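The following pair of complexes shares a single chain, chain A, combined with chain B in the former and chain C in the latter.
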Partner chain A sequence: MIAESGHYALVLALGLALIQSIVPLIGARLADAALMNVARSTALAQLLFVGASFLALVMLHVNSDFSVANVYENSHSMKPLLYKITGVWGNHEGSMLLWVSILALFGGLVAAFGNNLPLSLRAHVLAVQAWIASAFYLFILVTSNPFLRIANPPIEGRDLNPVLQDIGLAVHPPMLYLGYVGFSISFSFAIAALMEGRIDAAWARWVRPWTLVAWIFLTLGIAMGSYWAYYELGWGGWWFWDPVENASLMPWLAGTALLHSALVMEKRNALKVWTILLSILTFSLSLLGTFLVRSGVITSVHAFATDPTRGVFILLILCLFIGGSLSLFAGRATSLKQGGLFAPISREGALVLNNLLLTVACAVVLFGTLYPLAMEMLADFKMSVGAPFYNLTFAPLFALLLLAVPFGPMLAWKRGDLLGVMQRLLAAGVAGLVAIAIAWGWASGGATLAPLAIGLGVFVIAGAITDIVERTGLVRVPFATALHRARGLPRSAWGTAFAHAGLGVALIGIVCETTWNSEHIATMKQNDVAHIAGYDVKLDGLFQRQGPNYREMIAEFKISRDGEAISVMTPSKRSFTTRGSSTTEAALLTRGASQLYISLGDANADGAIAVRIYHKPLVLLIWWGPVLMAFGGMLSLSDRRLRVGAPKPARAKQRLQPAE
Partner chain B sequence: MTRKQRRMTIIGGSLAVLALAAALVLNALRDSIVFFSTPSMVAEKHVAPGKRFRLGGLVQPGSLQRGDNLAVSFEVADGNAKLPVAYKGILPDLFREGQGVVAEGALDANGVFKADTVLAKHDETYMPKDVADALKKQGHWKDDYGAQASGGAKPAATTAQGNPQGAVR
Partner chain C sequence: MCRMMAAFALLMLLALPAAHAVQPDEIMSDPAREARARELSRELRCMVCQNQSIDDSDAPLARDLRLLVRERIAAGDSNSQVLDFLVARYGEFVLLKPRFERQTLLLWLLAPLLLLGGGLALWLQIRRRAKTGADAPAPPLTAEEEARLAALMSDEAKSS
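Then we have the complex of A and B:
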């Protein structure tokens, strides 16, 4: 009954989305307020029905109703409750349902909180949202219905893939989807602007918070996924340049560019056409990511053969939306009026450079992701493009970008003074050089690039601090005045500083981890001691334990340093009976920002076990960086000008005045 | 600066960055790409020792031998040819005799494939895509491998790395 209700709710949502796709547009053409307002109610109702449908699938999973194919294939009655819930999106059908639920959530939010939008703009935006929604509802209903019943219900399910039975599944996909799908809003705004043929600074002010929200979630989602891969896959890697990862990185790069170009448009009314194009590209890359991950192109090009409808269907959606939006762009973009002139050396110029480098870096990733696929289809030979390719291409471009980052916020709008900025960044530059010298001396000339990269990271962090110092006049004026000014600084200035500093922090973490990571692989018996990076790791013993849906072998290690006991680490190896597969649960010991990492291999007959021990210096900085960036994004989001929002009727403005 | 000059500066800058990126990509394509081969392709093409490639096939049942200090050797077969593989380190959780495997490394002077990475990316029904395709082409395809379990947001990959550089990469 629940399954049928869920299915029915999804069909109703499709119906509502179809109405929402057409009626508001007719309303806008006829300038009929009532028809345009249909968008608002249908968007909210859509959210309600998709939410109900999603909830139905969650309930089926929680109740372990194995008469539903999706539950049978991905759940087990003995599975802990958390994984029964997260297992809902740990499979193709469920994750697509999560995708449309989040799409409906964003549509609903625009409908609910978009009261200050011009009526016709809101109608257009919601209509475009509904086009996307209709396409994906159709996709789910036609090719990947999660509510399919099995004629003869089995007694027990096949369990969820053990690697996915982790808290990471609860956080990573929803965050990532909030990011991916969140960019649909800026896409819809861009299409709406093209259809209306009208775009101004206020448009950018409406779009920016939505882009920022999506960007924050995507940043956190990618970081979370990377940390999950790091501790779950058992060999301490945190980024693999795997096509699935690239699929999330590309919208992030384009979205970061969009964030910055929308700023230029909002403040200076320039770069309009480019901002529109970026909005379209960012969401197109999100769609491409969905296609790459969900169509099976990556795990097997021949998934088209086993289930041709799915891949072809998403490809069709992809072509329709990307092709359609780009043609619309080509047709209408010239009619948009250009505004705001600026000199090449200016804040705008710096942001253009940022956009240039980000989009080119994104294009490089896109090339590396699609080239092997294209080669396989066209020339019929297989190859892989891995980390070496990206180290040679992506890394130099990003290094260039990082070098420019501290200059951007310090240049004036319209026409900047590069020499003056250089003088003010002197302290940051010196800090970077000192860091290079220290890293060089400490590593005694081992790696050449690593100290340079660390210096770059320090320069970026110091540059972010310099910007705040300059704005508050911390060194020049009395402390109390500086403090007062700091309080008066717009939160977006703080946000910029935090986000930029986060880049430097992440870079330092990446460089330290990859350069000075030490590894010890050996077979160990009871009471054997391994030495790594100054730590003594002693194997105390092995024992077995029964978990809810698995058995595990735990190894207990005593960690000490200079004879002083620090902690006990217990990595384990779990074998899941239902799927007949096993996972390695690594044990982590955090010391400052560094980590000790132990994972287990196979046990021999004589009681010895293969053990992999890593010491990863400053590895946590890799994820603290993105967290800082996201924090900066949130600060920026809470900035007064975004809270107060775009131009409102005079009455509303007056009401807000006393808040100052 | 006139409007035209400004525009030319920006366009010139864009072209410079694009040219830089293109140069970087072309340079990287020359030597950072790793090709995929099966044992019979290796036998046909006489791959030079020291040239890195990915070897895919099935682990020959009964060929797995464990030596001292985590050294392992096994044979990778694809029905027509076999190739001995030497590896040092921990094999991935899903490594089994008779199952698909992908190893990355290079041939040594004796024709033994020295692997520094062994990848087994499958569960009980799924095998590495490259291996499946290669086997299909040669007609050694078992239908039951085709039923591929759909993963979640992250692919279920387990990897074993043999040397420090491998772990970094």
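Then we have the complex of A and C:
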């Protein structure tokens, strides 16, 4: 019953979405408020039905109802409850259902909190949302129905891929989807603006909070996925430039550019056409990412060719939305008036440079991902594009970008004074140079690029601090005054500083980990001691343990430094009987921002075991950086200037003062 | 055949998490040569994996390739000779950093071309707008917006 109800709810949601796709637009054409308001009710009802559908699938998984194919394929009655729930989106059908649930959630939020949007704009936005939703409901119902029954239900399920039975992967996909799908809002706003032929600074103010929300989730989602790869895959790699990762990085790059260009549009009424285009591109890249991951085209072109139904369906959706929106853009963009003149050296100019570099970086990733596919299909030439390529092309672009980051917030709007800003950034520059000298001396030669990159990271952080110091006048005025000013500073200024500093922090982490990572690979017997980065790692013993749905072999290591015991580390190797596969559970010992990392290889017959021990200096900074960025985003989101776009408090105020 | 390759690739992917990359018994006795082997390994693709280098991958094929690289180094090959040897055997697919040649021209030149093109377009735009000058006037507010603006302004005035 539950499965059928879930299926039915999804069909109803499709019906509602179809109504929402058409009726509000007719209402807008006829200037009929009642028809336009239909969008609001259908969006909320859609959320209700999709939510019910999703809940149904969760219940099926929790109940281990193996008569449902999706549950049978991906669950096991012995699996811990948490992974029964997260297993819902650990597979194709379930993750698509999560995708549309989040889409419905965003649509519902716009409907619920979009009261102060002009009525026709809201009608258009929700209609465009419904187009996207209809396409994906159809996709699920036609090609990927999660509620399919099996005629002869098996006794036991086939279990979830063990790598996915992890808390990191439980949270990562919802975060990522909140980001991906969140960008659909700015897309819908862009299409609505093009259809209405009206766009102004207020539009940017409405779009920015939504973009910011999506960006925050995407940032955290990517960081979490990277940390998961780092500890779960067993050799301490955290970014592989594989197409799936690239698929999430591209919307992030475009979304970051969008955040900055929308700022120019809001403040100075310039870059309108570009902002609209970026809104379209950002969501298009999200769709492309969904296509790349969900169609199987990247596993191999052949895998795609053997079962093309899903791939072709998403490809159609992709062409329809990207092609349609870009044609609309091409037709209407010229009618949008450009405003706000500015000199090349100005805050606007800096933000344009930011956009140029981010867009080119995004194009590099896009090409690196699709070029091999295109070459194989068109020229029958098999090639690979991997980390060494991106290190040569992507990294210099980002270095340039980071070099410019501290200048941006300090330049004045319209016409800036570059020389003045350079003087004010002198201290930050000196800090960067000192960092280079220290890193150089400490590493005594070796890699030449690493100290430069560390200097750059320090410069970015110091630049962010300088900005705050300058705004509060910390050095020039009494401390109490500065503190008062710091409190009065708009939250968005703090947000900018934190987010920019996060970039520097992440860069330092990346450089330290890749350059000064030390490793020790050996076969160890009981009581063997390995020496790495000043630590003594002694293998105390091996033992077996039975988990809920796996058996594991645990090795116990005593860690000491200069004869002083520090901790015990217990990496393990788990074998999952149902799938016949195994995972390595690395052990991590955190010391400050650095980590000691042990993972196990195969055991020999004589009781010796292959062990890989790494010391990763400052590795945690890689993820603290994005966390800082996301925190900056949240600060910025709480800025009162943005609340005009996210209207809750403003409405509360109005209720207190009914006399209008 | 294709189907089998795909199935094989999928199998390898599932086996991927147990990754252990370089095994203790593979390591060369000469640290300098081992370092070269590691450096080369990072540029070579494990052909049954998803964009993983043979240095990272635990697939049996990656191990074979690692041993092959070490064999060539032990035989006295230079780094580029080792790469040539592998490309001759497995094609360009094995290189994670594609060679600069006819087929990859666009890929390598994309970033500089886009930067130059984008920069040029911006420069032209700035020049053109500097000539035409005038700031376009903001479109007039609709009646609905005027009303809302008035409401907001009075709201602001009362709350401050």
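Simple rule for what comes next: the second predicted complex is superposed on the first by the 640 of 660 C-alpha atoms of A that agree within 3 Å, B and C clash if a C-alpha of one lies under 4 Å from a C-alpha of the other, contacts with A are read in each partner's own complex, and residues count from 1 in each chain.
One rule holds in what follows: a residue touches a chain if its C-beta (ideal position, glycine included) is under 8 Å from a C-beta of that chain, and two chains touch if they have at least 3 such contacts.
Nothing here was measured: the structure is a model prediction, and the numbers come from that model.
Chemist: Looking at the overlay, does A:P118 come into contact with chain B only (first), chain C only (second), both, or neither?
Modeler: In the superposition, A:P118 touches chain C alone.
Chemist: Between chain B (first) and chain C (second), which, if any, makes contact with A:W235: first, second, both or neither?
Modeler: So A:W235 meets both chain B and chain C here.
Chemist: Identify the partner contact of A:R198: answer first if only chain B is touched, second if only chain C is, both if each is, neither if none is.
Modeler: The answer is second: A:R198 touches chain C but not chain B.
Chemist: In the superposed arrangement, which partner chain does A:E564 touch: chain B (first), chain C (second), both, or neither?
Modeler: neither
Chemist: Can A:V385 be said to touch chain B (first), chain C (second), both, or neither?
Modeler: both
Chemist: Which partner does A:N269 reach: the first (chain B), the second (chain C), both, or neither?
Modeler: So A:N269 only meets chain C here.
Chemist: In the overlaid three-chain picture, which partner chain does A:L169 touch, first (chain B) or second (chain C), both, or neither?
Modeler: First partner only, chain B.
Chemist: For A:D606, select first, second, both or neither according to whether it touches chain B, chain C, the two together, or no partner.
Modeler: In the superposed model, A:D606 contacts neither chain B nor chain C.
Chemist: I'd like to know which partner A:T523 touches here: chain B for first, chain C for second, both or neither.
Modeler: both
Chemist: Give me the intersection of chain A's contacts with chain B and its contacts with chain C, in residue numbers.
Modeler: After superposing on chain A, chain A residues 161, 163, 233-235, 237, 240, 242, 244, 298-300, 302-303, 306, 341, 344, 352, 356-357, 360, 363-364, 367, 381-389, 392-393, 396-397, 521-523, 573, 579, 581-584, 601-602, 610, 612 contact both chain B and chain C.
Chemist: Along chain C, where are the residues that touch chain A in the complex?
Modeler: Per the touch definition, chain C meets chain A at residues 2-3, 5-6, 9-10, 13-25, 27, 42-43, 45, 50-53, 56, 91-98, 103-104, 106-108, 110-111, 114-115, 118-119, 122, 126, 129, 133, 135-139, 144-145, 148, 151-152, 154-155, 158-159.
Chemist: Along chain A, where are the residues that touch chain C in the complex?
Modeler: Chain A residues touching chain C: 116, 118, 161-163, 198, 200, 202, 232-235, 237, 240-244, 269, 298-300, 302-303, 305-306, 337-341, 344, 352, 356-357, 359-360, 363-364, 367-368, 371, 375, 379, 381-389, 392-393, 396-397, 521-523, 573, 579, 581-584, 599, 601-602, 610, 612, 644, 650, 653-654, 657, 660.
Chemist: Quick check: in the complex, which residue numbers of chain B touch chain A?
Modeler: 1, 3, 6, 9-10, 13-14, 17-18, 20-21, 24-25, 27-29, 31-36, 54, 66, 69-70, 89-91, 93-94, 123-124, 126, 129-130, 132-133, 136, 146, 148-161, 164, 167-169
Chemist: Help me check something: in the complex, which residues belonging to chain A touch chain B?
Modeler: 73, 89-92, 95, 161, 163-164, 168-169, 172-173, 176, 225, 228-229, 233-237, 240, 242, 244, 293, 296, 298-303, 306, 341-344, 349, 352-353, 356-357, 360-361, 363-364, 367, 381-389, 391-393, 396-397, 514, 517-519, 521-523, 573, 579-584, 601-602, 604, 610, 612, 614
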